[in-house]
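Several structures are given next for inspection.
Each of the two complexes below includes subunit A, the first together with subunit B, the second together with subunit C.
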Partner chain A sequence: MKIDTLVKPLMESIVAITIGVLIGAIVLTFSGFSPIEAYKALLDGALGSTYGIAMTLSSATPIILTALTFAISARTGIFNIGAEGTVYFGAIAAIILTNVVGNPLVGLLGGILLGALWSLPAAFLKVYRGVHEVISTIMFNWIAFYTVLYFVLGPLANPNDPNKTIEIPTSARLPLLMKGSELSWAFIIAILAAVISYYILWHTVLGYELRASGYNERAARYAGINPKRAIIWSFILGGLMSGLAGATEVMGRPPSYAISQGMANIHGYGFDGIGVSLVGRNHPIGIIFSGIFFGILKAGATAMQIEAGVPLEMVKVVQGIIVVAVAVPGLWDLIKKVVRR
Partner chain B sequence: MNALDMIIFNLIGAFTAMVPLVLTSVGAVVSERAGVVNIGYEGILLMSAFFGAVFAEISGSPWIGLLGGAFVGMLLGMLHGAITVYLKGDHIIPGIGINLLALGVVAFGIPAVWGTAGQHQVPSTVRISPIINTSYGGISPMILITIIITFLTHWVLFRTPLGLRIRSCGENPEAADSLGISVEKYRFLATVYGATLAGLGGAYLSLDWLGTITKELSSGRGFIALANMVFSGWNPIRALIGGFLFGFFDNLSIWVSTNPGVQKIIPWQFVATLPYLVTIIIVAGIIGRARPPKWDGKPYKRE
Partner chain C sequence: MKKSMFALFLIGVLAFSVVASGCIGGEKETETKTEYAGKIAIVYDVGGRGDLSFNDMAYLGASKAAKDFNLELKEVQSKQESDYLPNLRSLAKSGEYTIIIAVGFMMTDAIKQVADEFPDQKFAIIDGYVPDKPNVMSILFKENEGSALIGALAGLIAANDGKDTVGVVLGIEIPVLYKFEGGYRFGVAWAEDYYKQKEGKDVDIQILYTYTGSFTDPAKGKTAAQAQLGQGAWVIYQVAGAVGLGVFDAISEYLQSQGKEFGPPFAVGVDSAQDWIKPGVIIASMMKRVDVGVYKAVEAAVKGTFKGGIVELGLADGGVGVSTIEDIKEMLESLPEDVRAKKLEEIGVASEEELLKKIEETRKQVPDWVWDAVKELEEKIKSGEVKVPKAFNKDEIEAIRKAKDWKEMMKLAEEWESE
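Showing the complex of A and B:
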């Protein structure tokens, strides 16, 4: 029984990934590329060397954190897709605060706090005005994008380098785990965050309240749980995670230690995280593994572009197909039925 | 430019900007009236804008491009309909999937098709030409087509047996089923119709209004259209009025942010947040009174 409840979701995710990779191969073929060559270059780049593996893990770091945002909300029965904007604010907070106090803890805390704060308006709009969180969080993402872009191009612009903001001071950077790579303590922090999320969701009263109101709001209310409180907490916890993603990304990802001019180095993680969370079945431990899988795609994409000439955005096509496939209910049962025939 | 010129200029701009919002909102009204929620319109707008431009450039005709965009919307609607209606899946997740897919397909497609990174200018020969040229800019035939589609949809939805059947599937599918109405068929067709209209709106973005294709082209309009649908109370004609309002701010922010006089006073980035702020304020203001169809977003399984 216990095994079966683990095997089925695992198989569903594997089937979804397989569908994504296969349709990706078809798209590659039609675009005039060799899928075998492309995927080989991707895997070589991501796993073929210690440096590649370090790249994979550092690429997995921010998307594990943003996936936790989505997972915590999904467990509470809502769809918080505002991680994208929250990441921007986490990064900005870390840059400003570490330049005042050159201590990594201050930067991490600042990112966490501003992330949680930025998530609150959508929570209140949901609870008190009934505004659907999908609409409000997307609107807040765009507001965050332009607001942070103002700071990046204006007050925080780097006087010595027109391509980025002022840097995180050396004293506040997260130590590297491997010399010459991009892998830093940020990865350890992300794993810890996932474990803590698991603990909160399954081993605390708060987590029980979140899951209960997500599972059946009416029953939860009957049991004395306040679903409104649960929703606000799920936004706060989610905001902490993606605020942390933004902070660790600028504090622990060499060589830039800053936000690039077009915000390219902190862009897209919120949306990547949704895919990571869904493939990880909205479970913090599952998210660690699916985050590393998507980390392989991200880290290998550059090698694929250089070695096989395939635009690196190809991996986003694969990612999109995987998420659509995950949305098909009972995928594994469907496959079993077809196979039995 | 004097005050009157400015007003006329912005009113025409509002009509221009309203087209993709109204088409998407009207489509969403039909889909949700039948009980199917789709948050993938953002991705449908983006992919249709891209494929619309591809079809137009291959055929050399902007109108074939528009139809191609609508066709891509239709296919995506069939995908969403198959998952939500026939396989009884969740209504939100496939939409998220379509939005993510669009980010990938368009970002991959622009360099793969045109060999340029990030942005492609649609040649003027395959852009929809205005029916009237004024000194304030052209007026697109698509504005007229959008208004006609809105009134036709409204009439079908509220004045014909077909519309009654569609609405019954979203309001009380059990009753509809017991009267012999195929809930699945009407839900599926309504979903496809909604996505097709969004596809038309997406192709309009690249082939008419903006004349370019980037991976951020839809910039939240699919979600603003959903907000407008809520604002309209799931009513096509009110969605037309709401779309004009949202379109006004969409156009205003583009116009103001490129105006050097304004740029000196307030950074353009803050002006660019205007459509999103207005959307949140309007939706927060009216939502207490909004009443979605009773079975909106709930899979219907026959007992």
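Showing the complex of A and C:
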């Protein structure tokens, strides 16, 4: 890979972060908070202690995985926003299966398989009926929400605490990497998943086909690549990543190891993943770093409230500004690609 | 490739911190720092501040306690449920807080875990059931007692108007809500007896109850309330969070279709003084004084009387009760100026006085003797002369549903208490 293609997006990201941070500082100042104190608290809370780093990395875990879903599709020229619903299915599969066989591998595999399966309807609708994936995946997200909610409130409800499902048995939980933190093996799994995604996309024939049909469907077809096959594979690979996100989230995050009513503890990761992917320029390795960047923002939010007294709403505003600024270059790339097509 | 990327990422982080520290110098420490006797922290659930109910009431209690005991109050909101544990851990790790208060039962698991990790840190949880940790005070409310008063109010309003049906719309069927339903049933049964003794006439009031399966979907509450109105419900008690807003809507629309400004039929609010949401429609609210609970926890921690385990606040402790005009005033005054103005506009009144006048007018639709009777029941429960059963599971609520009169229910209460 040429160094130039690597440096340019990175410089862009750094400039974007700086701009975002500066605008955030201005907003903070005008709202009567000290930006230095606020940013100091953010960095200190997220990176200043081992627990802070653990918090950062554990917050990064699920969104790295859901970002991979988006990135793999985006590389294939597909705007798949179905990660949210797939996360729910991955989580419920892990809960059901580990309660049958108390082994973590079974849970992970179940999450992956159901995630991949769940992504197929949208893929087939796209390929065979021409239904736009944005429309179908949004709607599938809701189907997933209510289907899984039925299981959460009904057959899988915990008899001792009906606000959540039965728990993942202790034997099937992912061990913590650091005692007294939320950081578990799930993080390692997420990193592995990103590296594997990178390998598939850039070092296999399938990956080449995916990217080729993402660049230009017609040219790919001319070159003997079947874009339909590529699209279906991109959905499957994507679904597998989000399914894994759901499974690792319930299997690896203390304290509940279950799904709460209304999916309150696994909600939103799919959509956060889109931002992570854009900031990481839809590149699996970039996503690891942007995921950690998002993790810093999330872990820092607690410290910003406690140490700097900035209310959560304000924290969200500032973080939103930074994220938007950072996502602009990635979004710009994507728009250019879509317009060109 | 990975290496250079990582290096550049580090540069990014560096740039980030340079920018952050670059502003140093412009700032001047001008505020005079007051000396606090200590610090307390409060962690809200995802509902967060501004919910005009649970979390805002918790803030009310915490800020009052902070002022009274000269403490610095740190507030932490939670964006997602997965934030509860890190939020609590970060606070506990610092070891600076006299007490850390978790608002809402959703934090039960997180509190249990953190309490084990930091055995020297005092915690309190509102509405969460943590009976066996020496450093966690679980603050629960005797909703059954408050609901009994509402039942009595509803039953007497119906009996007075010659009606024979009242209703209750509830959220998801979880054990906590059995406390409400059981208490309500007790109150209605007590009202039947009271009315018989007063007027010499037998009344048999039927109770419609609907578990909507949601705490968040007002449309479900509306449908349920419309069905109950169709069956002649004269007062409907909502125990369903945001679903209850639909109950208020249903009754409000029903009144409009009858060309009436005031009920009956009436609705009854829950948790906070909700009367102001729809004056004319809401006759009263069952107050759950989260503020009192938070205040008591802080007080115990400051005065050294803190003990782990369950603390149940009932009528006698001021933990629950029927809303008064004073409560509504306090609620309104705790809101920021602009929020209050906006709310008043939404309701369609010009000023706070007008709103309060309308609420008083609403209450006058019910004869004084009914209010006096409710007061009488309150005193009796406070003194322990009357005991309200507390149902915790399906069997217990079924036993209450089957009981013939309030005396039989009280027997159940005594039985369960002695167990």
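Before moving on, here are some points about what is shown:
Definition applied: the second predicted complex is superposed on the first by the 282 of 341 C-alpha atoms of A that agree within 3 Å, B and C clash if a C-alpha of one lies under 4 Å from a C-alpha of the other, contacts with A are read in each partner's own complex, and residues count from 1 in each chain.
We adopt the following convention: a contact is a pair of C-beta atoms (placed from the backbone, for glycine too) under 8 Å apart; a residue touches a chain by one contact, two chains touch by 3 or more.
Because the structure is predicted, anything quoted here is derived from the model rather than measured.
Looking at the shared chain after the overlay, A:Ile274 reaches subunit B, while subunit C stays out of its contact range.
Using the contact criterion defined above for the overlaid structures, shared-chain residue A:Ile36 touches subunit C, although it does not reach subunit B.
In the superposition on chain A, contact is made by A:Ile138 with subunit B only, not with subunit C.
Within the superposed three-chain model, A:Ile81 lies in touch with subunit B and out of touch with subunit C [touch as defined at top]. Contacts of A:Lys316 after superposition: both subunit B and subunit C are touched. Once the two complexes are laid over each other on the shared chain, residue contacts for A:Ala327 go to subunit B alone; subunit C is not touched.
Once chain A of one complex is fitted onto chain A of the other, the partner contacts of A:Gly130 are limited to subunit B, with no touch recorded for subunit C. Taken together, the two complexes place residues 153, 268, 311, 316 of subunit A in contact with subunit B and also with subunit C.
On the side of subunit B, the complex with subunit A involves touching residues 39, 42, 79, 83, 87-90, 92-94, 96-105, 107-108, 111-112, 219-220, 223-224, 226-227, 230, 267, 269-270, 272-273, 276-277, 279-280, 283-284, 287-288, 290. Subunit A meets subunit C in the complex at residues 1, 3, 6-7, 10, 13-14, 17-18, 21-22, 25, 34-36, 39-40, 43, 45, 51, 55, 153, 161-163, 180-182, 253-256, 260-262, 264-265, 267-268, 285-286, 289, 298-299, 301-303, 305-306, 309, 311-312, 316.
Residues 27, 31, 79, 81, 125, 129-132, 134-136, 138-143, 146-147, 149-150, 153-154, 268, 271, 274-275, 278, 311, 313-321, 323-330 of subunit A are the ones touching subunit B in the complex. For subunit C in complex with subunit A, the touching residues are 1-2, 4-6, 8-9, 11-12, 15-17, 19-21, 23-24, 27, 41, 46, 48-49, 74-83, 85-87, 89-91, 93-94, 105-106, 108-110, 112-113, 117, 172-175, 213, 216.
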